[in-house]
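What follows is a pair of complexes built around subunit A, which joins subunit B in one and subunit C in the other.
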Partner chain A sequence: MSRLIEIALGIVTGIGGFLEAGSLATAAQAGAGFRFELIWAVILGATCLAFLVEMCGRLSAISKHTVPDALRERFGFRFFMVPLVVMQLVMLMVLATELGGVALALQMISGVSYRWWSVPVGLLSWALLWKGTFGLIEKGVSVLGLVTLAFVVGALHLHPPFGEVARGALPRLPAHDGAQYWFLAVSILGASISPYLFFFYSAGAVEDRWDVSHLAINRITAGAGMGFGGIVAVGALVLAGMVFHPAGIKVDSYQQLPLLLTSALGHWGFVLFVASLGIACFGAAQEIAVTSAYLMAQGFGWRWSENLPPAEDARFSLSYTAMTAVACLPVLAGVDVLKLTNISMVVSAASLPVVVLPLLVIMNDRRYLRDYCNGWVANTAVTAIVLLAGVLAVVSFPLLIAGGG
Partner chain B sequence: MRDMLLVRDVLDKQLVDRRGERAGKVDGVVLIFSPDGPPRVGYLEVGAVTLARRLGRRLGSWASRLAHRWGGAHTESYRIPWNLVRAITLEVSVDVDVEETRINVIEDWLRVHVVEHLPGGRE
Partner chain C sequence: MRSRLLPAPLTGATLLIGLASCGRPTPRKAADARDRAASTAASAVMVAAAWDSGAAPGIYASHATGEMSASLWKADSAPVWSALPDSTAAAIHASLRVLGTRAAKLDSAIDQEDRPGATRLRTSLEQRGRELSAIPIDTTP
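Our next item is the complex of A and B:
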C-alpha cells in the first residue's frame, strides 16, 4: 500500500513539477507563432527527460551515489569543473527566471511592480529551504502544482480540432519563418530537458535511501510523471494555438499570458493562471536553488542533506542561500523576464551535451550500475536528442543575438 | 586480489570517516620517495589548495598564499596517512574521526560565523 502511495506521489511530483516559467512561456510562444506545429518538440523533450530521470534514479538506487558524485569520481576534478561551472551559470539564469515568474504573478494580482516582489519572493523561498525538509520541497509544492492542470482543462474546454493537434505531434519543416521556428523548437527542448530536474531527482533518491527495490517505482514515476507533465505543456501550447494564433497575437511579455485561460474559463481562468504561474515558478525556484547546493556539496564531498538543520551542513545551506540572493538581483534591477527566459532556455539546451554525455558514460559503467547498466535504446535515444538540442542551440545563438527571440 | 589503480580507484573518490560521515573527496594522493627503496604511497590529501594545484601551477601557488594569509597552517590541505585507509570501494573509508581533523575547518568557521547568526540557524 505504501508503495502505491509512493508511486502516486511520484507521478503527482512529475505533473506538478513539469511546468515552470520556461516551459510555459516557450509553449505559449510556439502556439502563438505556429499553432500546433511544434507539439512534437514538447513530446520529444518530455520523452528525453523521462529517460534521463529514470537513469538518475537508477544510478542513485544502485550505487548510492548521485550524478555529481559520479561525475567527479569517474572523470576527475579537472573535468568536473566544466559541468560544474556551466551548470551553475545556467541554473543561476533559470533561477532568476523562475523568481521573476513568481514576482510577475504577484504583480498581476497586486498591481505592484514585479521588481519589488523579487526580494520577498527570494526570502520566502530561502526560508522554506532553510527550515523545511526534502519531502516538503519535493511533495508540498508539487502537489500544489497540480493547479497547472488548468491548462489541460482550458484546452479541452475550447474543443480543439484533435486531428490537427495529433498532426502537430509529428515533426515537420516549417512553412514560414524558419529561423523563429527552430529557435522556438530549441527553446522548448531546453525548457523540458532541464538538468536541474534530474540532478534534483538523483539527490532525492539518496535522500530517500532508495535501493534496488525502488527500480520499478523509479521507472513508473519517470515515465508517467514526465508523460503527464508533458501533457500540461501541450495544453498550454494548444491554448495559445487557439487563442493567440488566430488573432495574430505575438507573445512579447508574460502579462499577455493570462488571456490563455481567461478566454477559456473567464474570471476563474485569471485566478487559475496566476496561481499556476506563481506556484509552478516557486516550486522550480526551490528545486533549482537546492540543486545548485547539491552540485557543490556532492562535487566536493561535503556533508549534505536538505533534511539536516543548516548548522550541520553549513556550506551546503549557504550555497543555496548565496544562489538565491544573487538570482534576485536581475529581477530587482528590472530585467525583461521573458527575454531572460528565452535566453536561459537556449543556453540550457546548449549546455546539455556537456552534462548528459558524461552521464551516459557513467550509466554504462558496471562499477556504478553493476547489472543495471543502460540498454541500447536508452543510450541511442538520449544521445540523439541531446546532440540535436545542442546543435540546434548553437545554431540558434546567432538568431537570438540578431533579435530572432 | 584485484588490480587497483590510484587514479581510477582512489583519486577523487568520496572519503568516509570511521563513523560513516562524509569527509570530503580524495583531492590528492601523495607519493614518498626515499633513497633506500621504491616510492610508496604516503598520504591522501583533502583541501582546496590541492585542488587549485591540480588546475594549474600558478592557481595553486596563488591559493596557497591566500590560505596562509587567512588561516596559516590551518588551511593547508589535510593529510591522511595511507595506513589509515581501511577499504576502497566506490568510496574510500579511513580510520579517522573527521571531527578530530581540520578537514571541516571551513565548514565549522561558516557555521559559527555565518549560519548561527541567521534566523533559525542555531539548532
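Our next item is the complex of A and C:
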C-alpha cells in the first residue's frame, strides 16, 4: 500500500511540477502563432524528459550516486567544471525567470509592479528552503501545482477540434514563418528538457534513500508523471490555439496570458491562472535553487542534504542563498520577463549536450549500473536526445535571431 | 584557454549574434512589427472585454491596458519603419498614434469604472487595429 502511495505521489509530483514559466510561455506562444501545429514538440520534450528522469533515478538507486557526483568521479574534476559552470549559468537565468513569474502573478492581483515583488518572493523562497525539508519542496509545492490542471479543464471547456489537435501531434513543416516555428519548437524542447529537472530528481532519489526495489516506482513515476505533465502543457497550447490564434494575437507579454483561462472559465479562470502561474513558478524556483546547491555540493564533495539543518551543511545552504539573491537582481532591475524566458529556454536547450553526452557514457558503465545499464531502447532514446540536443545547440541561437529576436 | 572552455556552438552563436546586431530594418521586420502592434491592440480589446464581463479584475485590466498602450507608443518610435516607403510609414505612424491614445484612454476608462466609455473605446480600438493590419507592406526582396 505504501508503494502505491509513493507511486501516486510521484505521478502527482510529475504533473504538478511540469508546468513552469518557460513551458507555459512557450506553449502559449506556439498556440498563438501556429494553433495546434507544435503539439508534437511538447510531446517529444515530455518523452525525452521521461527517459532522462528514469535514467537519473536508476543511476541513483543502483549506484547511490547523483548525476554530478558520478560526472565528477567518472570524468575527473577538470571535466566536471564545464557542466558545472554551464549549468549554473543556465539555472541562474531560469531561476530569475521563475521568480519573475511569481512576481508577475502578484502584480496581476495587486497592481504593484513585478519589480518590487522580486525581493519578497526571493526571501520567501529562500526561507522555505532554509526551514523546509526535501519532502516539503518536492511534494508540497508540487501537490499545490495540480492547480495547473486548470489549463486542461479550460481547453476541454472550449471544445477544441480533436482531429486537428491529434494531427498536431505529428511533426510537420510549417506553412508560414519557418524561422519563428523552429525557434518556438527549440524553446519548447528547452523548456521541457530542463537539466535541472533530472539533476533534482537524481538528488531526490539519494535523499529518499532509493535502492533496487524502487526501480519499478522510478519507471512508473517518470513515465506517467512526465506524460501527464506534458498534457498540462498541451492544454495551455490548445487554449492559446483556440483563444489567441483566431484573434491574431501573438504572445509578447505575460499580461496577455490570463486571457487564456478567463476566455474559458470566466472569473474563476483569472483566479486559477494567477494561482497556476504563482505556484508553478514558485515550485520551480525552489527546485532550481536547491538543485544549484546540490550541483555545487555534490561536485565539490561538501556535506549536503535539504533535510539537514543549515548549520550542518553551511556551504550547501550558502549556495542556494547566494543563487536566490543573485537571481532576484534582473527582476528587480525590470528585465522583460518574457524575453528572459525565451532566451533562458534556448540557452537551456543549447546546454543539453554538455550534460546528456556524459550521462550516456555513465548509463552504460557497469561500474555504476551493474546489471542495470541502459538497454537498447534507453540507449536509442538517449542517442536520439543527444542528437536532438546537438542540433538544438547549433540552430537555437541563429533561430533566436531570425525568429524570436 | 578560452577556446577550450567555450564549446564550438557557443562560439558560433556569439559570432552570429554579433553579425545580427549589424542588421538593418527590412520590410519583413516592419511587417512583423505591424502585426505585433495589431496583436497588442487586439489584446487590449480582449482584456477590456474580460474586465467588462467581470472575468478580470480592474487592477489587472488597468495595468495590462496601460502596458499595452506604452507598447504601442514604443512601436511608433521604433526605427524599423524606415525600411518602408514614406507614405506607408506615415500611415503606420498615424495608426499607431491613434491606437496608443485609445489604449491609454481605455486604461483610464477602466480605472474610473466607465463601462460605456470603455465599450466605445474597445470598438474603436478593434476597428483601428484591423485597419493597421490591412496596411499593405511589400516584403518581396
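In this section, the second predicted complex is superposed on the first by the 396 of 405 C-alpha atoms of A that agree within 3 Å, B and C clash if a C-alpha of one lies under 4 Å from a C-alpha of the other, contacts with A are read in each partner's own complex, and residues count from 1 in each chain.
Everything that follows uses one rule, which is that a residue touches a chain if its C-beta (ideal position, glycine included) is under 8 Å from a C-beta of that chain, and two chains touch if they have at least 3 such contacts.
Just so you know, these numbers come straight off a predicted model, no measurement behind them.
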Between subunit B (first) and subunit C (second), which does A:G301 come into contact with in this model arrangement: first, second, both, or neither?
-> first
For A:L318, select first, second, both or neither according to whether it touches subunit B, subunit C, the two together, or no partner.
-> first
Mind working out whether A:D69 is in touch with subunit B, subunit C, both or neither, as first, second, both or neither?
-> first
Is A:S263 touching the first partner subunit B, the second partner subunit C, both, or neither of them?
-> second
Once the structures are superposed on A, label A:W40 by its partner contacts, choosing first (subunit B), second (subunit C), both or neither.
-> neither
Considering only touches as defined above, state whether A:F77 meets subunit B (first), subunit C (second), both or neither.
-> first
Which subunit A residues contact subunit B in one complex and subunit C in the other?
-> none
Subunit B-facing residues of subunit A, complex = 63-65, 69, 72-73, 76-78, 80-81, 127, 130-131, 299-304, 309-311, 313-315, 317-318, 321, 367-368
Over in the complex, which subunit C residues touch subunit A? Could you list them?
-> 5, 7, 9-10, 12-13, 16-17, 20, 35-36, 38-40, 42-43, 46-47, 50, 53-57, 59-60, 62-64, 67-68, 71, 133
Would you tell me which residues of subunit A are touching subunit C in their complex?
-> 82, 85, 107-111, 247-250, 252-253, 255-256, 258-259, 262-263, 266-267, 269-270, 350, 353-354, 393-394, 396-398, 401, 405
What residues on subunit B touch subunit A, complex-wise?
-> 7, 11-15, 21-25, 27, 46, 51, 54-55, 90, 106-108, 110-111, 114-116, 118, 120-123
